[in-house]
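Please find the structures below.
Heads up, the next two complexes both have subunit A, just with different partners, subunit B and then subunit C.
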Partner chain A sequence: MTAAIATERLTKEYDGRRVVDGLDLRIPAGSVYGFLGRNGAGKSTTIKMLMGMVRPSFGRIELLGHDLAALPMEAKGRIAYLAEGHPLYGWMTIAEAARFAGAFHPGRWDRAMFERVLDHFELSGRAKIRRLSNGQRANVALALAIAPDPDLLVLDDPTLGLDTVARHDFLLSMIHLVQRRGRTILFSSHILADVERVADRIGVLVNGVLRVDCPTDRFKEAVSRVVLEFAGEPPAFPGCRGLVQAWQVGRRLELVVVDFGPEQQAAVEALGPKSWDVAGLNLEDAFVAYTRGPRRSLPLLGGVADEAAEGSDDRGAA
Partner chain B sequence: MIRALAMKEWRETWAFGALALGVYLIYLGNLTGLGEPVLRSVSWLIRGADGKPTELPFIQDNFASTVGFVGCLLAIALGFRQSAWEPHQGTSLYLLHLPLPRRTILATKVLTGIALLLACSLAPILLYGTWAAWPRTHPGPFEWSMTDAAFRAWAMTPLVYLGAFASGIRPARWFGSRLLPLAAAFLPAVLTLALPSWWLMGLPIAALTAALLWATIVQEAEARDY
Partner chain C sequence: MQFEIDGMSRLPIYRQLVEQVREGIARGGVKPGEQLPSVRQLSRDLVVNPNTVARAYTELEREGLLANRPGRGVFVAEPRGELTEEARRRRLTEGVDRLLTEAVHLGFSKAEVARLVAERSREFRWGPDKPSSKGEEGRP
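Now for the complex of A and B:
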């Protein structure tokens, strides 16, 4: 399958610190790709590099089959980019913003569709952009981005700063208006529910490194939590293939493992626990397990939390 | 496309030009004695705008230096507005993603800014010159060659504009170091005013400085992160 976006060892360093580290990304044409990561994981920097706004320290980028360094303007016109915060010219009215954007896409600008979107959101073309709410502004930015019928749509944290209702409306718009056959969408977010509703494939960036790149359903199925109970102090877990995290909570040892199978089961049983149990994780828990470092929740409550505070000890995070 | 971009720049900057024109008109009102008393009474608030009618226009007044001074202020305001404002507002991400080469976007910005700057600063020279050339408006003689110093000052303002633009587009940790291109533009700008032969020395220096500043702007715009 052809890739709408392909990167090769994409790296960005700021003052010697790697914020994106050797990223090999391949997003198939026609897919909706959710790009996940915590704040500061490198999502925005990666997207800015893809859009030519930040120069990579190293590596190569291909968009719609063209090297980014030699991207023809015709191909650039088929790529829409919604930057974080939906930057638009506040002094323009919505109609002026549409005329301005439309001038750069002669022959591709779908004015009727743009006006339908405005009608749908009950927005007047005469409204000044600076007077719109964040949610309205996001919808206008989305309408402006899709009016030229782009083949690739890149959205950098499009729901950031929106309240629950505005976020819901925006995602519905994305589902109904944006997705069309053959169109590739890359959107970054740190809100799991957003990604789960829209993306058919996800990538998880942790400290600039792509730790996960697979179909969304596969990610949910593959990650499990294994809880081992011991009579006394748990032994250190020696590690196994697919281990994401391991930590001790009192007399329990908890593991997060990808593709738990016979090999991992043997490693668990070799420790001789009193009992052990394996449970699937939802997307949010799986994401947290992947992206959280050794730090655990603060023991704010008594009881179990105190026990956790005494015995919590992260071991062997993969 | 370029027309849409130029119109956007014009819409964002015309107010600066209108303000400069207003100052020039107050000044001209004083110089020619045609100004409204109310405007004359506030002209002392603006440095250089409280001129008095003279027998020899352009020679006995400080018209050229006022054109240069107000033109430089306008050039600095326009240069920073057109370069630093967009990254500050985040709109450069939108602007630079438009399907136009980055160099074309920059050139459109710069040419629109220079056109507005030159038009605003040319208006008072032509108005004052026309008034001076009109019979019986003042006691002394008038030749258009008397406007040379004013035209030199006018022609120097794009250098200051380019210096301000280069400073605005340049990310720098310290504000002082960010202003280096603007500071560097001032010396050749003053030289173009002071050197005796403008066509042989002033113009080449101005052209060379403009080319260097343009190269700096393009290089900075291509290399910097947004």
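Now for the complex of A and C:
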């Protein structure tokens, strides 16, 4: 499968501190990629590098099969970007903003589609942008981003500050866009429930390192919580492959583990607990477990070792 | 048929959809021959990635519960007697054993479980009674 976005050891340093550290991103064409991480994890910096607004300290970026440094005009016209906070010129009317944005996508601007989106949100082209609500601005920004019918759409936290209904409408617009074949979307977000609905793949950035990169279902199914009950004081957990976190709560030892299997079961049983149990996690809890606590030894989920498992997932989704 | 996505669930969304269709058929809420919404439609209704819906439908087709008639849509399949008596029995036994294990751990008595099973059975749509081919196994 061709990649709409591919990076190779993409790195950004500010004052000797690595904000983005050796990112090998590969986003298949036609997928919706949810880009996750806590504040300051490096998401926005990564997105700005992808859009050519921040120069990488190191590494390569390819968009739609072209090196970013030599991106032809034709390819630029097929990429749309929605910056954080929907920055728009307040003095323009919606129609003026459309003419302005359309100039960046010569020959691709779909006026009818733009009008349809405006109609859907009951917005008039004559309305001044500075008089719009946050939700309305977000919808205008989205309409502007999808009017050139982009092959690649990059959205930096697009639903930030929107109320529930506006968010729902926004996600629905994203679904409409995905249903046109081959469109690729990368969006960052903090709302895990949205990500789970809309994204078929997710990436989790922890301190500038991509710790998770796999289908959304795979992440949810792979991460589980194991609870061990002891008669007395629990022993320290010696660790096992795939261990994300271990902590003690009274007479219980709680673990979060990736791909719990016979090997991890043996490690658990070796401690001789009175009883133990494995349960799944919802996406939010899995994300919290993954992004909190000691980070040096976090297991990587996805990447090359996972290729075989992902292959079968992709077939199921086709 | 009403679908519902639970964002707090531990089940991936495609599994939630699979379970809802399975249960809908078993309870008689959807009947063989009935049409389900297209992938496109359901994806919009639920605001869910179309690949996720497609994955659920593919899985249900593989299980023989749904039939995809190209150009016409997705339908609830007629029950197919593809599995042998023995395979069906084995599959059900596994499920029953899981249920009984849970019941023992939760501290229910045998009689309580039997009563609960009888009570819940009324909520489902059953096939016609068949004369038992092997008779009771005569376990104590």
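The working rule: the second predicted complex is superposed on the first by the 290 of 318 C-alpha atoms of A that agree within 3 Å, B and C clash if a C-alpha of one lies under 4 Å from a C-alpha of the other, contacts with A are read in each partner's own complex, and residues count from 1 in each chain.
In this section, contacts are C-beta pairs under 8 Å (C-beta built on N, C-alpha and C of every residue); 3 or more make two chains touch, one makes a residue touch a chain.
Being a predicted model, the structure only gives us computed values, none of them experimental.
Looking at the shared chain after the overlay, A:Arg252 reaches neither subunit B nor subunit C.
Contact with subunit C, but none with subunit B, is seen for A:Leu281 once the two complexes are overlaid on the shared chain. By the touch criterion stated above, A:Arg26 is placed in contact with neither subunit B nor subunit C. In the superposed model, A:Trp91 lies in contact with subunit B only, and not with subunit C. By the touch criterion defined above, A:Ala83 reaches subunit B but does not reach subunit C.
In the superposition on chain A, A:Arg292 makes contact with neither subunit B nor subunit C. Residue contacts after overlaying the shared chain place A:Arg18 against neither subunit B nor subunit C. Of the two partner chains placed by the overlay, neither subunit B nor subunit C lies in contact with A:Arg211. Across the complex, subunit A meets subunit B through its residues 48, 51-55, 73-74, 76-77, 79, 81, 83-85, 87-91, 99-100, 103-106.
Interface of subunit A with subunit C (complex): residues 32, 168, 171-172, 175-176, 178-179, 192-193, 196-200, 216-217, 220-221, 279-284, 316-318. For subunit C in complex with subunit A, the residues that touch the partner chain are 5, 7-15, 40, 43-44, 46-52, 54-55, 58-59. Chain contact summary for the complex, subunit B toward subunit A: residues 1, 3-4, 8, 11-12, 89-91, 93-94, 96-101, 223, 225-226.
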